[in-house]
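Since the structure comes first, as structure tokens, the remarks are kept for the end.
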Amino acid sequence: MAPQARWRRTLAHGLTVLTLLFSLTALSACSGRPGGPDSPTSKTLTVGATAEPDTLDLTTSDNAAIPQLLLYNVYETLVKLDSEGRVRPLLATAYELSEDELIYTFRIDPKAHFASGQPVDADAVVASLERMRQATSATIQTQMAVIARVWAEDSHTVKVELRHPSNRWLYDMTSTAGIVIDPITTDLANRPAGSGPFEFSFWNRGDRIVLSRVGDYWGTPGRFDQVTFRYFAEPNAMNTAMLSGEIDIISDLTSPSTIAMFADDSRFQVLEGTTNGEVVLGFNHDRAALSDRRVRQAINYAIDRQAIIDTVWGGKGQLIGSMVPPTDPYYEDLSQTYPYDPERARQLLAEAGWNAGASLSLRVPTLPYATGAAQVIASQLAQVGLQVQVEELDFTGRWLPEVYLGGDYDMTIVMHIEPRDIGKFADPAYYWHYNNVAFQELIDRADLASPSEQIESMRQAARLLADDAAADWLFLFPKLTVVAQGITGVPANATTLSFDLTTVAARS
Amino acid sequence: MRRLSLVLGLALIGLMVAAAALSLVWTPDDPYLVRPQDRFMPPSWSHWLGADRMGIDLVSRLMVGARTTLMVGVIAVCLAIVVGVPLGVISGIRRGWPSQLLLRISDVMFALPALLLAILLVAVRGASVATATWAIGIATVPVFIRMAHAATLSVMAQDFIDAARSCGASRSAIALRHVLPNIAPIVGVQASASFSTAILAEAGLSYLGLAAPATTPTWGRMMRDGQADLFLTAWPALAPGCAIALAVLGFNLLGDGLRDQLDPRLRELG
Amino acid sequence: MAVAQTIVRRVGVFVLSLLGATVVVFLIVQALPGDVAQATLGMAATPEQVEALRERWGLNRPAWARYVSWLGGLFQGDLGQSYLTGQSVSGQIGPRLAVTCQLVGLSMPIAVLASVPTGLVAAMWRRRWQGVVTSALSQIGMAAPIFFVGIVLVVVFAVRLNWLPANGYNPLLGPAGFDLAGWGSHLVLPVASLVIVQASLLSRYVRNGFVEVLAEDYLRTARAVGWTKWRALVRHGLRNAALSIVTVIALQISAMLVGAIIVEQVFALPGLGSLLLQAVASRDLPVVRGIAILLVVVVLAISLVADLVYVLIDPRLRSREAQ
């Protein structure tokens, strides 16, 4: 009995230990040593980004992830914007505008050539511009509609004739509409080819796109042998990859509540740049409740915008108070038009005869800034007796058709990134249905006026919007970039659509 | 030991139900009130489990969340029982091609992963607790069809059914008087198991952003929001995580306990 | 003979189920609101631009016509073409499927291997501390949401200890050549998360399988003949445990795929899950349909195989089928 019992107990203990060990074996079953991100011999850079593009064809898609990767890195434009916003030569050494402001003449740098070795000549540029005129991308189509005719004057001179004078067009040519595509490429969606310092190397769909340096680039060569863009659907996964040193840069921080963990860590630096993106709590002016100015003002008083920035966007972001970002010439600080004052809000609601049982819908797209802000707004409006029903809608599937196109909402939150988009309030058909004749006249006057009068009219227009509480401008969206120590030259501001690698370098 | 899992399971579930019920009349703090100055506050007298990224009291939110989480489970499982059990019983009693067809359809539905169903449903109806509940419920229906079908077959093979038949009992009488009472315990065991699956499924769907909006506290949504802040503070993720684990444990133990109570052979052994 | 008949019948049912599944999948995917043309062109597009793109992609054809051409393609193994990339759907799904398969294929056997000894321990010493501890561990493993298990593993092993990469995927045969270490190290944590959750579940069933055997008459007989409890249990119990495992795998396969999809999200792996979420968001319906039908086929095929294995393992069932 005794020996058998002992044997059995030993076996029992053994099996239990084995059980516990199995969980550990599972961990190391297919083990290998942790792969370091880079080998020291070749210089590489890994950039974390949020949205993987479906296609790399700029002519068919407006997806911002495509120019982020390709513009100025793989594709180059005739002209480029510098950090002060002035137009500078890139592929074109010079450009001229005719007296009647209709014909642009571009002289192409004779040194320029594509990664394939083919020269960037007038024929290639004309072919690219023609390709862009046929583009299905809505933005590019609109931008290129002003072109009447494009032709090659000689081997390195291209002329473009416009239908009417347009300063805007040259500005558009510094972005996606102006890229010059290598004529040999047939598969723009999967194998883009241009004249930039990097060329497309390979694409592991769902994971990463790798660019490699062009050996005989015609300008200042790229500083990395290989640049990898890794795509993360889950922001937290990007954060952990950064914390464990697998990526060098977070190109766009979309879960800024965690910004402290990077800001407080000496291994990282956080860059805060400005954008054109006004995060707007939009009101549907067709709804009876919201057509009452007192209700709109009450909402403006009831919302503590600084609290939204603090809780939702890690304390980053700027208060604006109207539809004008500080980078516009007619900006003035209107952020204190409606200071946080719940008492005043209750009073205004009482004046408007607000029924305490009534509620408003807040239908927001499932984007981090919108869903976070919605939660704070619902809480704050409830404090002044205004109940809010929050609904989170898939952006393309439901928000676009129902809210944006269908107008089925009371309030919504979305960021408007188009430059100088204050004019949208002058269009009663636009999804806010804001119809204010005085405002429309101001905008019309500004279009026709001289530059100084234009600024004055636009200022008045912005003030009018704020006084009328046409919307609630929650904050100006900050561009937050996290960079590992030792990486320099990462552009902080989102002045272009590109994640421009030409200035980025690694301190060795 | 046998009794223990039953008692422990019931105790855990009781705790959850009590918290949910209490939240209807009282919570320590307003579960929706954003307090920016309290964000990420560690446990203290004012916030017993701390506060989340919005500065909302975690205990209050957990209590209200218990309500929604329970509701998801109850509605999804009830939906599955109400639809699945009658279909399973009928297909077990009447064996013909309609029953075969029904079983095959249920197999196809069973093969559609719940997540796929949820992703598609969310795209159609938007992410909400209701959508997630529907998706989980629909995905659970075939489980109950299969289970009820198999249980009915084994009941129908018993001698007393033949006896009832020879006494002239109709099919519906057999179903109501003999089959249903006999399979009820197994349905109970399965319901308990499905309940814990539903709680976990809600958490998984929330993680993928396919369930409750941020304004509706459910344990899954709280965990999703908490896990993103794990490097700053563990409480907002741990508190709902433990709540989920305890609830799932409770229903698993209840299921085990029930089964052991029902199976005379196992009872003898224990 | 009877076995062969059973097999033929089950395969026939399988094929019919597949046909039904195509209808279900097509109808569900068709019900998605919003369309790819609007999604691609975004907020800036005019209605005319959207309409032109719809016309170009054939979105204006009636639904039945699209179903018929899709089904026709399926018979030839052609899942159609993605609207957005112009690539074939199968070409797009292929590499993603490979990743998901690696994940499930590595974690399943490990989970099964881990669950047998743990289940055995939990059954043999049900009322001693060894059994209680094992049972408790498996209960905890079953009760933890899988994404949380994954995130905790990342925090501990990647961020704090820095032993393993936090996420990402490294193909075995990448552009840089054969890279076993890189491939393996990226898969350790995702596989571990799946194993922890699945092994806990499986071991529970294995335990119950063994406990059932303990109550059987033939075990008493075997012991009366002089076999030790262990010998009897291993001889008879293993078969019962195997049956439990096969049943659970068939029942749990879709839950496992869901688990794998969530794990892919936690670890940023380029598997089927991320492709599915992306395709739904951009309304690239051919891709959504392709993945949906693929998942359904896999689950149906596995339950078919489980059925057949069941018939082969269990002599009682075999004889019952023969009657």
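To keep things simple, chains are lettered A, B and C as they appear, and every chain counts its residues starting from 1.
Methods note: a contact is a pair of C-beta atoms (placed from the backbone, for glycine too) under 8 Å apart; a residue touches a chain by one contact, two chains touch by 3 or more.
Model, not experiment: these values are computed from the prediction.
Novice: Given the two chain pairs B-C and A-B, which is bridged by the higher number of C-beta pairs in contact?
Specialist: B-C
Novice: On a CA-centroid basis, which chain has its centre farthest from chain A's?
Specialist: Result for the farthest chain: B.
Novice: Just give me the whole-number Å value for how far the CA centre of chain A lies from that of chain C.
Specialist: The mean C-alpha positions of chain A and chain C differ by 36 Å.
Novice: Calculate how many whole Å lie between the centre of chain B and the centre of chain C, each centre taken as the average of the chain's C-alpha atoms.
Specialist: Centres of chain B and chain C (C-alpha means) sit 21 Å apart.
Novice: In whole angstrom, how far does the Cα centroid of chain A sit from the Cα centroid of chain B?
Specialist: One centre to the other, that is 40 Å.
Novice: Please list all residues of chain A that touch 2 or more other chains.
Specialist: Residues 236, 243, 394, 397-398 of chain A touch two or more partner chains.
Novice: Pull out every residue in chain B that's touching 2 or more other chains.
Specialist: Residues 123-124, 227, 230-231.
Novice: Show the residues in chain C shared as contacts by 2 or more other chains, in ascending order.
Specialist: In chain C, the residues touching two or more other chains are 32-33, 151, 155, 159, 265, 277, 280.
Novice: In the complex formed with chain B, which residues of chain C make contact?
Specialist: Interface residues on chain C, with respect to chain B: 13, 16-17, 20-21, 24-25, 28-29, 31-33, 126-127, 139-140, 142-148, 151, 155, 159, 211-212, 214-215, 254-255, 257-259, 261-262, 265, 276-277, 280, 288, 291-292, 295-296, 299-300, 303.
Novice: Note which residues of chain B are touching chain A in the complex, please.
Specialist: It comes out as residues 32-34, 36, 39, 53-55, 122-124, 126-128, 209, 213-215, 227-232.
Novice: Please give the residue numbers of chain A that touch chain B in the complex, ascending.
Specialist: Answer in residue numbers: 235-236, 239, 243, 255, 257-258, 260-261, 304, 307, 310-311, 366, 371-372, 374-376, 378-380, 382-383, 390-394, 397-398.
Novice: Could you list, by residue number, the parts of chain C that touch chain A in their complex?
Specialist: Residues 32-34, 38-46, 49, 52-53, 56, 82, 84-87, 92, 95-96, 99, 106, 110, 113-114, 117-118, 120-121, 124-125, 128, 130, 133-134, 137, 151, 154-155, 157-159, 162-171, 175, 179-189, 191-192, 195-196, 199, 265-271, 274-275, 277-278, 280-284.
Novice: How about chain B: which of its residues touch chain C in the complex?
Specialist: Residues 1, 104-105, 107-117, 119-120, 123-124, 196-197, 200, 203-204, 207-208, 220, 223, 227, 230-231, 237, 241, 244-246, 248-249, 252-253, 265-266, 268-270 of chain B touch chain C in their complex.
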